[in-house]
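This is the structure, below, for whatever I ask next.
The letters A, B, C and D name the chains in turn, as written, and every chain counts its residues from 1.
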Amino acid sequence: MSPVLSIHDLTITFGGLDALSKLNFHVDEGEIVGVIGPNGAGKTTFFNAITNLVPPTSGDIRFAGESIVGLDPYHVTELGVARTFQNVRLFPNMTILENVMVAQHCRTHQHAFGALLQTKAFRREEREIRERAIEVLSFFGTRLIGYRLDQPAFVLSYANRRRLEIARAMATQPRVLLLDEPVAGMNPKESAELTALIGRLRSEWGFTIVMIEHDMGVVRDVSDRVVVLDHGETIAQGSFDEVSNDPHVIEAYLGRPVEGAS
Amino acid sequence: MSDTAPPKDLFDQDWRRIVRLGAITGLSLIFVALIGMLVQLDTRLIIRRYLSLGYLTIIWIPVVAGYLVSKEVVLEGVTPNRKGPSDVLAGALTGLVGGAGLSLLVVLIDNFDIRDPLINWSPQLLDQLTFAKGIGFGVVIWLVIGAGLGLFGSLSHVVPPLASRAVNTALFTIVSVSILETAITDLLQGFGLSFVTDVVYAKRGALTLTSALVLGAVVMAITVAASGRGRELRVRYDALDAPRRKTANLGLWAAGVMVLLVLPLFLGKIMNELLANVGLFVLLALGLNIVVGLAGILDLGYVAFFAVGGYTTAVLTSPNSPWISPQLPFVVVIFVVIIAAAFVGLAVGAPVIRMRGDYLAIVTLGFGEIVRLLFLSDWLSPYFGGAQGITNIPPVDLGFAEVKGSDPRSVFYLVLFFCAIAIYVSWRLQSSRLGRAWMAIREDEKVAEAMGINTVTAKLAAFVVGAILASFSGAVFAAKVGSIFPSSFLILVSIIILVVVIVGGMGNIIGVIVGAVVLIGVLGGPKQPGLLQELGTYKLLIYGALLVFMMLKRPEGLIPSARRSHELHQEEFLQDAWLRGEVDHDAEAGEGDAAT
Amino acid sequence: MTAVRVGSARRVSWVDRFLTGLRIVLIALIAAGLVAFVAQQISVDNPFARWRNPDATGLTGDQLKGLVVTGIAQGSMYGLIALGYSMVYGVLGFINFAHGEVFMLGAMSGFVASNKLSANGYWESNFFGSFVIVVVIAILVSTAAAVIMERVAYRPLRDSPRLIPLITSIGVSFFIQNAVLGLLGPNSHSYPQLPEWLAKSRSILTFEIPGTKVMVMVVAALSMAVLWWVVERTKTGKAMRAVAEDKEIAALMGINVDRTIVLTFAIGGAMAGIGGILWGLSFRSVTHLTGFLPGIKAFTAAVVGGVGNLGGAMAGGVSLGAAESLGPQLILEPLGVSGVSQLRDAVAFTALVVVLLFKPSGLFGERLSEDDRT
Amino acid sequence: MKPSRRLLMLMSILAAFTLIAAACGNDNSSTSSSSLDSSLGLVTVKSGEDIQIRSLEAITGDVAFLGIPNERATTMAIADYGQIKGHSVSMGTGLDDLCSADGGQAAAQTIVADENVVGVIGTSCSGAATAAAPLVSEAGMVMISGSNTSPALTSDLKGNAGANWVPGYYRTAHNDLFQGKAAATFAYDKLGVRKAAAIHDGDPYTEGLATAFKDAFEKLGGTITTFVAVNKGDTDMVPVLTEVASGSPDLIFFPIFEPEGDFIVQQVGGVAGLEKVTLMAADGLLNDNFLAIPETAGMYFSGPDTRYGDNTNQATGKNANEFLVAYKDAYGEVPSAPFWAHSYDATTLLLEAIKNSSSDDNGTLTISRAGVRSYLYGVKNFSGLIGTLSCDQFGDCGSQKITVIQNTDPTDIAASKANVVFEFAPS
């Protein structure tokens, strides 16, 4: 089976510093891969490179066999890669429902004229967008549903903001979902709950998931495979148990103080 | 509300605060006097023989200072003191210090002549400050007036809130009724009620003391009687279920539309002219609202599209057009205008759309100037008439009616038609795929792009829609004035529309409309007189001050959007529910988090 | 992160095509104009010279030199104002639209001071002493204005989205402009005459340069040098650079961020004050509108040079001054545009667009903190 | 509120005139209301009411220096004229034309809304008149301007109506074409100049005048080497002067305003090729502030003949010197632009017209709008402050007398203003 997302010799340089150097990586369809590494290892840059928010200096990124280097970020999303952000970046003044509705932009087609003339096609699509948004939000139980739909996102609690961000990414109907520290800032009960949800994201929604996470418990629970980054390079990969006993990894983590969630 | 500490001792004052605020008050008073407002606005009376607009521009300052001095910053964990005599004393003292500023000015003007740089350092100012009763009187009277006004301002902390609200409403109404004299007279005349205005305004010349007092008393009575009714209505409205609320909204809208359609029939030329001018700015503001308010693109060259609409209409309809003069009917021209505006919108938008927001602002400002300079230039004067503009633009022939400048009512109806289009377009787009994309871009452009939105095309679409709405305004403007000159398209126009949008509330259709009506109607546009046309040169000063004030104190605009008030309501609900232990404990998680 | 995208597989949208086309057209126009101009200079009768403009006359060498000198002098003043824009932008990341008014206040207070001195005869009897007094007053006034502005209007908005302080500064600009109009009246105010020895033209390197312009260039260069020394070599400068890079970390390092920001405004204000005096002395008339257009031009200059980059601001100012004084004659006139001087501002703004089309971060590159770049 | 002293003074003047009028007791109401032409409507002024006219001038903004003296002159003319057949004349609050078409239109709307208004004195700016005059004309009123000069508002002087001409529009200011012709004739005939350049500032007035000069100069056989504009707000004039210099003209005509005019005279000496050029400006720069600039020594200025001196307005009996004294008394300064005299004459023309086309019926005055117009079109050899006024069929009533002065000595402005080197009156 060919990998859905593969990365070859990816290098990204910021002002002379290599944020990523010659990184190789792949994800197979339906896999859940955890990416770990100490702070500053280049994990978020790695996500930024995949979604093309940061241009690679050299190397290649292939999605379903085709190179996506140099595409606009929206185009990458359109192909089927969605992400969340480490420091939650919602659209705070839009309602919860709108946050999820807007994420379906690249899956829908109605233009201004449809809206102005209120065509049948437009109204049907609006209805579908709405239904789909509610469906996605319902995935998180009652937390984002009901009276909350019409509230602006900024009134949400931190945990719910994380949930909403995942919901927003789900709404783009991706094949690969990139989660950047999904349980950061959550209490143990909440993160256990979310861990279970991540498993269901694969089993029920069929997403392939790449997840950056500091919480080793979560990584252990859901990852099929773990990739360890340090100084922009892959220093180990394999199952959680393999990786956690790898001397390189231990050195990388003990060499500097390990920090928890931000 | 109940847990307040007992009032402070009478002399337990925050002296530094009093002196600081007093000094600011004094400086503000001196400033207002020296920029000449006191003298120049003295001809516009608010209450005949007792109060002119000139004096009004200074007396509100100590009142506000008196109010502010004992308005504490509410700190968590500190129980505020109950308000009492010490607060009133603080207010009076602040006012006194402020008034001393004017006393000082009286002495200074009397002894030094620096009329050379300061043009308002004049005997008239001195006369006016001393009420022509001598220097000594002038010095003392301002101390007294200052203290009195400061005291009055601070009283609102002490008296029952209802009383203070009644007084404030009464004062506000008196001033508004006086400012709106032209409008009210005109309206009542339309209904054949001239005798009312003859009494109230004593045959056109500001309120009399009697009418002001009666008006104040009536308003106070109504305020007290109606106390709580407004809230009740609001609560009842919020309690409605969705379909009923929809019906209620529809009813409100229908009523509004009816009023707008019928009202002009009862108004005279002056008011219709004013309404037509206001309408042109509503149209511009609605267009800019899409660009700035929805999509978050700060376009400072917005006037360019207004100009394009105007000049396209002029060239295509006027027999005097220097270049081609097809003299097409307006109904045809409007489609050409749409195409021209869209084209210019794309041409201007494409190079700037990828720039950072603030670079974009300055570059669009440059484009606005380039467009004006091209229309003005001798180089293109064989096409657009240069400095001499294009004249003899014919009235709009609609077949069943003719819209021309000498009949402002017809112009108003035409503007209303275009405003309706603009409102419809804004409203429909706001809740569409494109509108959501705009809002996402406004909130966070990078994330919007990562969520699959092609930001370049979405922003260009906003640019083009805004451009088309502005060009409608330009087209009607050209037909209304009957001639068009480059001097109507200064940067100033862009800025004033921006102020209107900001004051009304970005992204809020109703707010923007109200903002335009209040600002353009009362203060006037860049070249259009408002109801307070005496303000003349101070208009821009006020616009500038208003813009700063709004940004600092009320960035969401005058009229909070429906969504916001709704959301406040919901927050209350959330709080209550949380107290009752019915909601999950998200709130706690949120509080402890610093990273947000 | 806005800038470069390596684009091998990138889809080329119509916007890109349009922009490429625009770049080509602009370059072609500029090149054609210049070629025709050079042809005119060689001989007005050759076909290139007559190509678009049959009445072409060309310029004499002295006229060309005069344009260069005036462009550089004008540009130096833009540069002085641009320094303030650039520093504030570098540190706070927003355009202080009202900076042009700070400049105007400098020019205006210089007028008041010099006129009072002239009325007492001191200006004529001791020019140098008066000059120092006038400069000090102008610097004090504009520095104070800049600092008060920061305190009242911008500090409360420090953490809001970047368009909010920009809009506020537009309001501040209008307020100051019209306050000065109210206080001092709409007439133009004239500086007293400069002494003959200063005003007379001097011949430098075959360039005939009016004394005022020599003064402008010398003072601008000196101020620039002092400023460079302050920013690059002193502790204050280091603090400013640190705050520009990252406010939070700078605060953690024990730098008083508020004070550093005030200082940035103060230095920018002082530079604008000096610019204002130079403006007043070389053009002699000032009005309440004196600051508006030069302010916008100066920001344009800062962007052209690369925002946050002090050398860039000065260089941008000089380039913009040169572009708007030479551009109409060297490019538009040979292309057969009539009345080119009227289009000078249009040329300046077009120059901005051209620079941003080719180098989105200005001629000499931006120096901005990490989050300003995103 | 203290009563305005100004108003008090005017009231007393008015009262004085009332007394004089009453003492003379000369009732000349010869026409009866039935004989009035009512085709444009009649205005009835009941006993004890005022006759309504309006002033519409640019009283704020850049052009206030022009509009404010105009408005004041109208006020003073009304006071000097006194009552008409027992009725006082009221001007109301002075309206502002904002020197723009849109501003003029809005103000005109206010005027025509009041059906008692007979006529308007104004506007200050031609652009404002373009939009205001049609409204005023349509309402049957008349409009007389003291300072509009655009040919488009009246005629091209060859019998063709201008593009914006409407019936009921008159002016006492000269037509630009005259001034352009005067300046060109002076340059070509008197100075012997064959190559000239013209600079305007994008204002319709300066552009129109510069164009008129250009056309007249070329018609005389001269060459216009450069016709170019500066922008309002420009300070560095070297580029524009270099553009002018490239055509090596002998004279530059720049009919613009301050401060751009200041920059031109101050910088022209430093531009290669213009060291010896002759400078000529127009009435926009003909003020004390500009004349005092040392570099203006030797410069020429064209403008309306401002040697009003002993010219007496036949309707009020006042001469210009008396007016200036009264003006200084009332406002504490001298007028900042010369068109006050034109506005004064315009006002008296309007009042004369009202007097001659109205009938008195036991204290009720009936004014014929058509009568006012036909009276004004018929004005011949009316003696005013600016000289002799006669109206043509397109409403040009001015004396059309243009003079050119030379500034001999920037330190003695009065002498310079009196130093007329050329007079031009249409044949």
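We adopt the following convention: a contact is a pair of C-beta atoms (placed from the backbone, for glycine too) under 8 Å apart; a residue touches a chain by one contact, two chains touch by 3 or more.
None of the values given here were measured: they were computed from a predicted structure.
Using the average of C-alpha coordinates as each chain's centre, D ends up farthest from chain A. Chain pairs B-D and B-C differ in how many C-beta pairs they share in contact, with the greater number at B-C. Centre-to-centre spacing of chain A and chain B amounts to 44 Å, using the average Cα coordinate of each chain. Taking the mean of the C-alpha atoms as each chain's centre, chain B and chain D sit 37 Å apart.
Averaging Cα coordinates per chain places chain B and chain C 33 Å apart. Looking at chain D, residues 61, 202, 227-229, 231 sit in touch with two or more other chains.
Each of the following residues of chain A touches two or more other chains: 53, 72, 75.
Looking at chain C, one finds that residues 1, 186, 338-340, 342, 345 touch two or more other chains. For chain D in complex with chain C, the residues that touch the partner chain are 61-62, 64-65, 202, 227-231, 233-236, 238-240, 242-243, 245-247, 258-259, 262-263, 266, 270-273, 289, 294. For chain B in complex with chain D, the residues that touch the partner chain are 42-43, 45, 49-52, 127-128, 131-132, 268-270, 273-274, 277, 320, 373, 376-378, 386-389, 391-392, 405-406, 408, 477, 480-488, 527-529, 533, 536-537. Residue ranges on chain D touching chain B, taken from their complex, read 1-2, 4, 59-61, 93, 96, 98, 100-103, 105-107, 109-110, 112-113, 127, 130-131, 134-135, 138-139, 150, 152, 163-164, 200, 202-204, 206-208, 227-229, 231.
Against chain D, the residues of chain C that register as touching in their complex are 57-60, 62-63, 65-67, 70-71, 74, 186-188, 190, 193, 201, 208, 210, 279, 283-285, 287, 289-290, 292-293, 324-326, 328-329, 333, 338-342, 344-345.
Considering their complex, residues 51, 53, 72-75, 77-78, 82-83, 85, 87-95, 98, 101-103, 105-108, 110-112, 114-116, 118, 122, 125-126, 129, 143, 147, 150-152, 155-161, 168-169, 172, 185-187, 190, 262 of chain A touch chain B.
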